[in-house]
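Should a chain be cited, it is by its letter among A, B, C and D, assigned in written order, with residues numbered from 1 in that chain.
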Amino acid sequence: MGLPDDYRLMARIRRFEERLAALKDAGEIPGSIHLCNGQEAIPVGASRALRDGDFVTATYRGHGWAVARGVDLAGLFAEMMGRDSALCGGRAASPYLSDPGRWFVGENSIVGAGVPIATGAALTAQRTGSGAVSVVSIGDGAMNQGNVHEALNMAAVLDLPLVLVVENNVYSEMSRISDMVRVKQLAERAPAYGVPGRVVDGNDPAAVHEAVAEAVERAREGSGPSIVEAMTERLVGHYSGDAQHYRPAGEIAAARQREPLARVRAAADAELTARLDAIDAEVAAEIEAAVTAARAVPYPDPATAKEHVYV
Amino acid sequence: MGLPDDYRLMARIRRFEERLAALKDAGEIPGSIHLCNGQEAIPVGASRALRDGDFVTATYRGHGWAVARGVDLAGLFAEMMGRDSALCGGRAASPYLSDPGRWFVGENSIVGAGVPIATGAALTAQRTGSGAVSVVSIGDGAMNQGNVHEALNMAAVLDLPLVLVVENNVYSEMSRISDMVRVKQLAERAPAYGVPGRVVDGNDPAAVHEAVAEAVERAREGSGPSIVEAMTERLVGHYSGDAQHYRPAGEIAAARQREPLARVRAAADAELTARLDAIDAEVAAEIEAAVTAARAVPYPDPATAKEHVYV
Amino acid sequence: MSESLRYIQAVNAALTWALDSRTDTVYFGEDVALPGGPFGATKGLHKRFGSDRIFDTPISETGFLGMALGAAMTGLRPIAEIMYADFSFVAMDQIVNQIATIHYSSAGRWKAPLVIRMQQGYSPGACAQHSHSPEAYFAHTAGLRVALPATPDDAYQMLRTAVVSDDPVVVAEARMLYPTRGPVRTDAPVEEIGGARVVRPGADVTVVAWSRMVSAALDAAETLAADGVDVEVVDLRWLNPLDFDTVAASVARTGRLVVAHEANLTGGFGAEIAARAAAECFADLRAPVARVAAPDVPMPAAPALQAVVVPEAATVVDAVRRTVRA
Amino acid sequence: MSESLRYIQAVNAALTWALDSRTDTVYFGEDVALPGGPFGATKGLHKRFGSDRIFDTPISETGFLGMALGAAMTGLRPIAEIMYADFSFVAMDQIVNQIATIHYSSAGRWKAPLVIRMQQGYSPGACAQHSHSPEAYFAHTAGLRVALPATPDDAYQMLRTAVVSDDPVVVAEARMLYPTRGPVRTDAPVEEIGGARVVRPGADVTVVAWSRMVSAALDAAETLAADGVDVEVVDLRWLNPLDFDTVAASVARTGRLVVAHEANLTGGFGAEIAARAAAECFADLRAPVARVAAPDVPMPAAPALQAVVVPEAATVVDAVRRTVRA
């Protein structure tokens, strides 16, 4: 645990996303992708507070959560390539993939819709006494969807072991969150549900870990849900191909100074830098191996297209 | 304005609802009705802060608002009797009636759904610069619907002239609000939208008036929406026929001491009592006349059943 | 063993059976626990099974249907109650984009064994927002099973089938049928999912109906029998899985088809039955296929208008007469 | 005057026309103002008309469709954009229980002159939650008008018609058609609502299609012409008002009917067309009515699977061949 491990995991996510973008450009990814470059510290810090059996639900921008929770990298690439992956057989692709084997309830491409679903996973944990928690990540803009409101309130009255992580990257698609709400921080909504809410530096995995660990502990104890708002920035467009004309000049350049990996690098001495370089190299090899493995996965058999509509 | 006028308006609503209950028992009202007995001070106090051209939207428990805003009493009875009323021709009945002539955007029998609609009326007021405000009343339980959350936030970011009146009668149907939220007062949700929120005695028309007037003024000035939570109690069942087994013994009896009309009566000296008696008699006559007029309204012509689906 | 129960009591009995025999079931919705539900469907269940198994939710249909899905994916078998079918529109995303989709989109790796129980249809004086018969919306949604029990016995049997099904099932009862009474085979084994049923054999014309329109069709058949028209009535029971074979076999015998439902005509599920007949029973059909349905209007509350909007036995009689004459 | 425009440019031109010629119009949705919309439909409009006329909303579809209704009832003429048709399920209550209902339920005293603009259908690699073609849900909802423009010219004409209509109109475009180019009559008078169109006359079989399937049907007709099968293609254009007369007249000429849409088969609007044909064209039909549609599955994202799920020209060709052989 700690710095090098966090760095490795964040680097793995970053490299994964960068490789994915390249694959998209190369025409190997048919659908639309939403990358989390710059937001890696959040799934990494949060996942450190979790154990096997804990459920995670994310948005379409959830590759980082899948990677952080140990979902198979080759499977992820294959799924997004439209191949017959062991995850969802290519049916879910980038924005809706999931993995029951890693308790990854999955992404969701309907804004906010994962929160009620995660609440259900929390209900199972509570009613079966499994001791599991259910963590759900959404974006800042999602806080304005009715489904999030309903689920949070319900989780609160039922004392469900739910942790809502709001990844506040200050944009929903092309709109600034400051134009979409009249609160400064979204965690200010926590009192409306009678639950704790905290704002943390979402570019610092340790800070995220600390806050999520506190919320997870509370949840495991049966004291109900919490909100952790992690402040971060998107280094890339909302989707592949987004030219980001709507962002003020210099904003992305500034974000590149503050982003989690750059931050570790900036503070590193020569020895650590060498270690990080080594990690980067290992991660790059690992990702490349995953891509190679993914490319070997066949495309789904069209004859199976009508399978699994019903059990 | 002031006491005798408020009393008259509250008595009119009470008498209206009581007469309606009797008509329901007598089989003259085909559909289900939701009475506001005990909650009269809220529409009465609020309406005193409004003028012609201001929009009002309510729930299925909204007869009091219709009466307070001057919707024709005979029309209301006729509508609920399934007659060809001048309001909605019998098509809307008790829980969905409306009256454009009195800017009564109407009731709604989908919990919370009136709030987005009222937000639209506020948008019209804002964009046309009419100076009107849009007041919408919902119940305590409705605060947990996503539509209310979405509309409130949107009204806030758009600075719309919307006033949300929450009639907190501590029950949604048969469930206590204290089991449905983890806040003590629903007005505690106001900061989540960055809007002012106040709790007032909903059995006191003057208190309601004062709070709503403040919110209305703010709205007219262009300073955006507010929440006014009016604490009250239901003297009758959720719907006609509700035996209210779920209410603790003595609760309704105690509420009868606190309800707005009893309160005026209790504080009245002999002279005022005589005046109130006279008002009651006038109101009773007025309501009876409305019932008589309503009974003269024919049932809608079945040949018109397919009219007005499209313009 | 067969008990005489009202439809709503049969629902209650099925839910008792579910909570009793399957410890993974949980039941939730609005006013379902201590109050026993607005129509008494859950009367006594909270007392017997406790808050752990049956509990009230806030007025948050999207929230609690999503909760049902998440719970179903992770090991429970939730039954969620939507008080009126009309309120399902508030939660349609969870039904269409989530509940119906997850099993397929995960290539079968997640299951969603949940039941959405609701009641639908008009009642005298009920406005447009409390009168929908939304079965066509659900039946068009791939991934959902759709059950429409027409009798107390089916209210019991089909709900139990829904509970044991590993697929998500919408069970839409009919409020107007709640007071009706009939024999309920409370000790019958749980039925397989699906299956239409010929509830009245007849030689001249097939009437396919479901939910409240089955009894209307049977009444119509009585009236028509007096005229010498021998009507076969098929209770479709499940829109998904759809047992069109039973319909086709009936049409093969009668050569004439009338489909009856309470929902409005255009895009109603009667269109699907008629369309299949136009494709699969083309050679057998001796007359145009007739549909009995509400006209394309939101439901008016006034009984004087409902009388001409809501299809009843007389509407079926008229349609059959036109069909046999054609 | 006719300009050569891409479909998405025609949408932009119609919106420009709307905001320009009707001061009571307002346009709102997600990312529509400064950003110009995710597909560029509203490019330049904010610059030209300002925040008073076009503005961004939070991600609150229920909220802003309800806002559209309230605004429409009280004097504005809102056009609200749902970014993907799939998201309309989040706001279905406002569409079905509110927007579609208020005019009828108030006996015509309120009007709801609003437009809900969306784009629908699959695209390569898009998952089930971004691929719906939900027109059947809307067409079953009494009180809504439903427009499905298949060409750049219709994207322009039909959207303008929707804007001037006093009824609530769902205009569902097809994302896959956005890059297609065609002549647009930018100076044509605003058309009356409704009207199907024979876009290719033919003698042997009628293919009724809408949205993206119209061009598939035309391609199929070319292929079939080489085989000596003369296909008439009808672009249905509006599902409501439904111009069945044009369909019936075509079937009267050809005696054979194929209906094609991208939405899944069961309960799709093709069922309605087939059902009407089974009733109204019974004597004219010389073969079973065929439907071309996606099978009843949520849309898979993988192109290898989409290839067998999404109906294309070849699917239409097969169906026509079966029909002419029958």
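In the analysis below, a residue touches a chain if its C-beta (ideal position, glycine included) is under 8 Å from a C-beta of that chain, and two chains touch if they have at least 3 such contacts.
Given the structure is predicted, the values throughout are model-derived calculations rather than measurements.
S.K.: Which chains lie in contact with each of subunit A and subunit B?
M.R.: Chains that touch both subunit A and subunit B, as defined above, are C, D.
S.K.: Starting from the mean Cα coordinates of subunit B and subunit D, work out the distance between those two points in Å.
M.R.: 40
S.K.: Which integer distance in Å separates the CA centroid of subunit B from that of subunit C?
M.R.: Measuring from centre to centre gives 35 Å for this pair.
S.K.: How many angstrom lie between the CA centroids of subunit C and subunit D, rounded to a whole number?
M.R.: So the centroids are 30 Å from each other.
S.K.: Which parts of subunit A, given as residue numbers and ranges, touch two or more other chains?
M.R.: 89-92, 96, 108, 110, 113, 144-147, 150, 153-154, 157, 179-181, 309
S.K.: Would you mind listing the residues of subunit D that make contact with two or more other chains?
M.R.: 58, 60, 62-63, 86-87, 90, 93, 97, 104-105, 127-129, 142-143, 296-298, 300-301 - these are the residues of subunit D that touch more than one other chain.
S.K.: If every chain is a node and every touching pair an edge, decide which shape results: line, ring, star, complete or other.
M.R.: If you draw each chain as a dot and join those that touch, every dot ends up joined to every other.
S.K.: Would you pull the subunit D residues touching subunit A in the complex into a rising list?
M.R.: Subunit D residues touching subunit A: 30-31, 34-35, 38, 56, 58-60, 62-63, 86-87, 90, 123-130, 295-298, 300-305, 307-309.
S.K.: Can you list the residues on subunit C that touch subunit A in the complex?
M.R.: 26, 52, 55, 57-58, 60-76, 78, 93-94, 97-98, 102-111, 113, 142-143, 145, 165-167, 241
S.K.: Enumerate the contact residues on subunit B facing subunit C in the complex.
M.R.: 29-32, 82-84, 89-93, 95-96, 108-113, 141-142, 144-147, 172-175, 179-181, 245-246, 299-302, 304-306, 309
S.K.: If you look only at subunit A, which of its residues touch subunit B in the complex?
M.R.: Against subunit B, subunit A makes touches at 144-147, 149-150, 153-154, 156-157, 179-183, 188-189, 191-195, 224.
S.K.: Which residues of subunit B touch subunit D in the complex?
M.R.: 55, 57, 87-92, 96, 98-100, 105-106, 108, 110, 113, 115-125, 127-128, 134, 146-147, 150-151, 153-154, 157-158, 307-311
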